[in-house]
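After this come two complexes, each holding chain A, first together with chain B and then together with chain C.
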Partner chain A sequence: MSFWEYLGNRHQQLLTDGFQHASAVFQCMVLATLIGVLLAVATYRSEWAGNLATTTTATILTVPSLALLGLLIPVVGLGVAPTVIALTLYGLLPIVRNAIVGLRGVDPTLVDAANGIGMSRLTRLVRVELPLAWPPILTGIRVSTQMLMGIAAIAAYASGPGLGNLIFRGIASLGSANALNQVLAGTLGIVILALLFDAAYILIGRLTIPRGIRA
Partner chain B sequence: MSAPGQPSSTGSTAVGAETEQGAAKNGAAQPERTPGDLVAPESVRARLTWPRLLVIPGLVAIALLLLWLWFRGAQLDDVARNSLADGNVWVRTRQHIEMTAISTFFVLIIAIPLGIALTRRRLRPATPVVVAVANLGQAIPALGLLMLLVIWLGIGQRSAIIGMVIYAVLPVLANTIAGLRGIDPQLTEAARGMGMSPIAVLTRVELPLAVPLILAGVRNALVLNVGTATLATFGGGGGLGDLIADGITNQRMPILVLGSMLTVALALLIDWLGSLAELLLRPRGLETVEGKS
Partner chain C sequence: MPEATGEPSETSGATIRLEGLTKRYPGTPTPAVENVSMEIRAGETVIFVGPSGCGKSTTLKMINRLIEPTSGRIRINGEDVTDIDPVRLRRQVGYAIQSSGLFPHMTVAQNIALVPKMVGWSKAQVASRVEEMLDLVGLEAREFAGRYPRQLSGGQQQRVGVARALAADPPVLLMDEPFGAVDPITRDHLQDELIRLQHELRKTIVFVTHDFDEAIKLGDRIAVLRERSHIAQFDSPEAILTNPADEFVSGFVGAGAALKRLNLTRVRDVGVVDFPTASVEEPLQRIFDLLGPNGTNELLLLDRHRRPYKWLRRGDLSRARESLARAGSPVTHHVSRDATLRDALEAVLTDSGGRVAVTGRRGEYTGVVDMKTLMNSVHELLEEDRMEAVEHQHDLAEERERQAQAAQEGLS
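Then we have the complex of A and B:
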């Protein structure tokens, strides 16, 4: 069976897997962005806390995803739970890092100006600091998403959802006619999803980055 | 601020974004160095090094000790014992280290010369294309790449190592190019003006200045490779992933935890070695500035 025939025959299954993959990554990214930005807002003002947050996140990033899944499984079992926790955790890391760097990079004179016109801390954060720090945060989100696409594939080994299942099914039937088709479909599907997400982020960047600081 | 050096991989991306920001910040906030900086390095260095030198190995040692104590008391049945037979743990650990070392070696001898070549005047037009390809390549999942190579080249360590090399070359290449391109053109011009040959400009000015970014790339390659090596097990390549996969498929938690903890410990130690190299191999002249940022 050629690859195109395979795609034609199995498109229903492929679309379901692809959709589950995208939806898992998307939901975990939303969660990771919320938690990540909150963590950054809570820590960036203190040098000590901010540095601790960046060092910790950098350290966790070095942990191989299969090993993290392996440590989560005895605690939360197989399936969706370890997948969601692992994806959210990895997704957090670049966002926290970039958000802290971005928030610290805001020109102090602008913060002074915001204080000077009587903005409260919250208003200043929402109307001045976060919009100015948004480009690096968005970069962090893009990076995270790309990374999560690959990690989600691995999470299929812990019975997670998505296109990784195709890859593992293919490799389990190594030597059969469909092995290559399955692995190829899974891999290409993830590449396509990653590129689609990336394009979406570029669009979001166009729409949401304040006009004054656009490059 | 659409970055041309669009963050490319796990570590490097976050780092990439940071250096980009850091560079912008340095440019704005420290236009000139104060004489005080010349006195600072020793203390800055000590403050940076000691925690880094001790915290991670200390934590890893404690974790491994606890793991050992726990594992001694764990209930093992035949299936679990089978996973450990014939010194399997040590064999897998060694395989893992071997795969990481070999692939990192090839990554370095491919990516660094290629990065140097691509920043020479004659090949410079090709650089954006390569950077774009490198970024695009990051969209390929490591698992898929490895498994495609296994189908193509057969199961075993060789396919895994080739996959690891392909996967890690791109970020190191991107880092090398960014490091060489980020050098102040005035410096290279001054070097040329002093009558240095192109080789001398490269070896005595450009490469030393690019060392921090290149070393960051090396560390990044090591970390990526340790992680990708865990996936070798799915293509019959061995490594610590074997223990994790065994633990998951056979539902034997002690094996799963043992494999995972050893992998985590190995990854942290290798990253630690990378950070040590970054600290020790960095040219002296760059210490002050780097230490401050």
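Then we have the complex of A and C:
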């Protein structure tokens, strides 16, 4: 069976896997963004706390994904739970680091001005600091998403959803008729999804970064 | 809280009273600001001036508690604000800083609307206020409201910064070297603008600068500060110029105090002298007669709208074969009645005849200033200042004596 025939026969299954893959990455990104920005907001003002947050998330990233899943499965079981936890943890570093850099990079005279005209700390954060730090945060989210696209494929090891299942099935049955097709379809699907997500982020940037600070 | 009406309040500013204000940073042997006490009257412009690092900015920032004082009290309109919620305090104190401090991700209108929105004005009130404020600082609302700060020039940004600081109509305005980052010409314009604004609004303004000329130009009173914000002298610009309290102040005033004094007086405050004039519409014969042997040596020819047109000397006319268009030398310099004596002196020095025409609001001739009038008025001014300063010192000495006596009586 040629690759194209394979695609024609299995497109239903492929679309489902692709959708689940995208959905898993998207949801984990939302989680990672929320947690990452919160972490950054909580730590950026202090030198050591900020560095601790960056170093911790960087350390998580150095744990091999297979190993992390292997460690999580005995604790939370198979399926969605280990996938979500692993992906969210991996997604944190770029977001935390960029958010801290972005928040620390806000011009001190603007912070002074915000305080001086009577903004409370929360107002200052929401109206001034986060909007100004938003472009680097968005870049962090983009980088994170690219990374998670690949890592999510490993989630199939923990019986998670997504295109990784195709790849694993293909590898497991190497030599059989459809093995190569499966691996190829899974990989290409991931690449296409990554490109689509990237395009979406460019659009989000256009819509959410105010004209006054757009590069 | 400033009243939440769209109308600017009729009241002038509020009094500010600093009592023994001290700021000590942990780990430093000497305080950054030590025991500053002063009283700033409602509606006056007070300038803090001093060398860099003297703590003038720190003192200013303690007034709205951007820097919390280590000890001492701050009273605004009698109310002790040292321990109230700083956010509440800052909303009744306008704050403008160097390089404007505008938020780059917000439009001009959004920047100005910030404080009124925070204190709870309605949408309609905020919108009309934004327009009013832009108008007040001389920017066309339709053109500028939707722009982002980076689309403005430095001077325009600074104007918007002032508009934002004044938007919620605070009785007090703090300005921290607001014009420090703009070019000299723009700075001059902004200073003039501030003088005009203050004339209309009568806020209490505390203004920090290291530029003594700026201090003289803007201040009702000037506090010359030395290290740790010690007040070396706190007095009117005239008094500081003519009678500096000590060597530090005179060093800071710098050379040319008499020249600087010229900046404080306007042409309309000194006598302008009359000069023989004639109008271009008058018959040539009359002009001849005026310049004749029994008349004057020189006259000022005015155009149809009575604006200075030409200096005409005896003989000019005959040399130019009786054509008014060719005779005489055109008036190149003239000063308005609102010009400073310094501008007038500049014009007199540049003019070949050593005199300059003074014009009224529509450019019409009102008189002439020459070297002699200038010299006389400057001498008179300096003499007056000196007398006043001596009197003032006398009063101060008496006051001190009275206090000393009272203290002694209290002890015994």
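Criterion: the second predicted complex is superposed on the first by the 215 of 215 C-alpha atoms of A that agree within 3 Å, B and C clash if a C-alpha of one lies under 4 Å from a C-alpha of the other, contacts with A are read in each partner's own complex, and residues count from 1 in each chain.
Here is the rule we use: a residue touches a chain if its C-beta (ideal position, glycine included) is under 8 Å from a C-beta of that chain, and two chains touch if they have at least 3 such contacts.
Quick caveat: nothing in here was measured; it's all calculated off a predicted structure.
In the superposed model, A:213 lies in contact with both chain B and chain C. Of the two partner chains, chain B is the only one that A:149 touches; chain C does not reach it. By the document's definition of touching, of the two partners only chain B reaches A:184; chain C does not.
Look at A:97: by the touch rule set out above, it reaches chain B but stays clear of chain C. By the touch criterion stated above, A:15 is placed in contact with neither chain B nor chain C. In the superposition on chain A, A:119 contacts chain C only, with no contact to chain B. The partner of chain A that touches more of its residues, comparing chain B with chain C, is B. By the document's definition of touching, neither partner reaches A:30: not chain B, not chain C.
Shared interface residues of chain A, touching chain B in one complex and chain C in the other, are 213. Note for the complex: chain C touches chain A at residues 64, 66, 87-91, 94-95, 97-99, 101-107, 114-115, 118, 148-150, 164-165, 174. Against chain A, in their complex, chain B makes its touches with residues 1-3, 6-7, 9-11, 13-14, 17-18, 21-22, 24-25, 56, 136, 138-145, 147-148, 150-151, 155, 223, 226-227, 229-231, 234-235, 240-241, 244-245, 247-248, 253, 256-257, 259-261, 263-264, 267-268, 271. Interface residues of chain A, counted against chain C in their complex, comprise 109-110, 112-120, 123, 127-128, 131-132, 210-213. Chain contact summary for the complex, chain A toward chain B: residues 57-59, 61-71, 73-74, 78, 93-94, 97-98, 101-102, 105, 135-136, 139-140, 142-143, 146-147, 149-150, 153-154, 157-158, 164, 167-168, 170-171, 174, 179-180, 183-184, 186-187, 190-191, 194-195, 198, 205, 213, 215.
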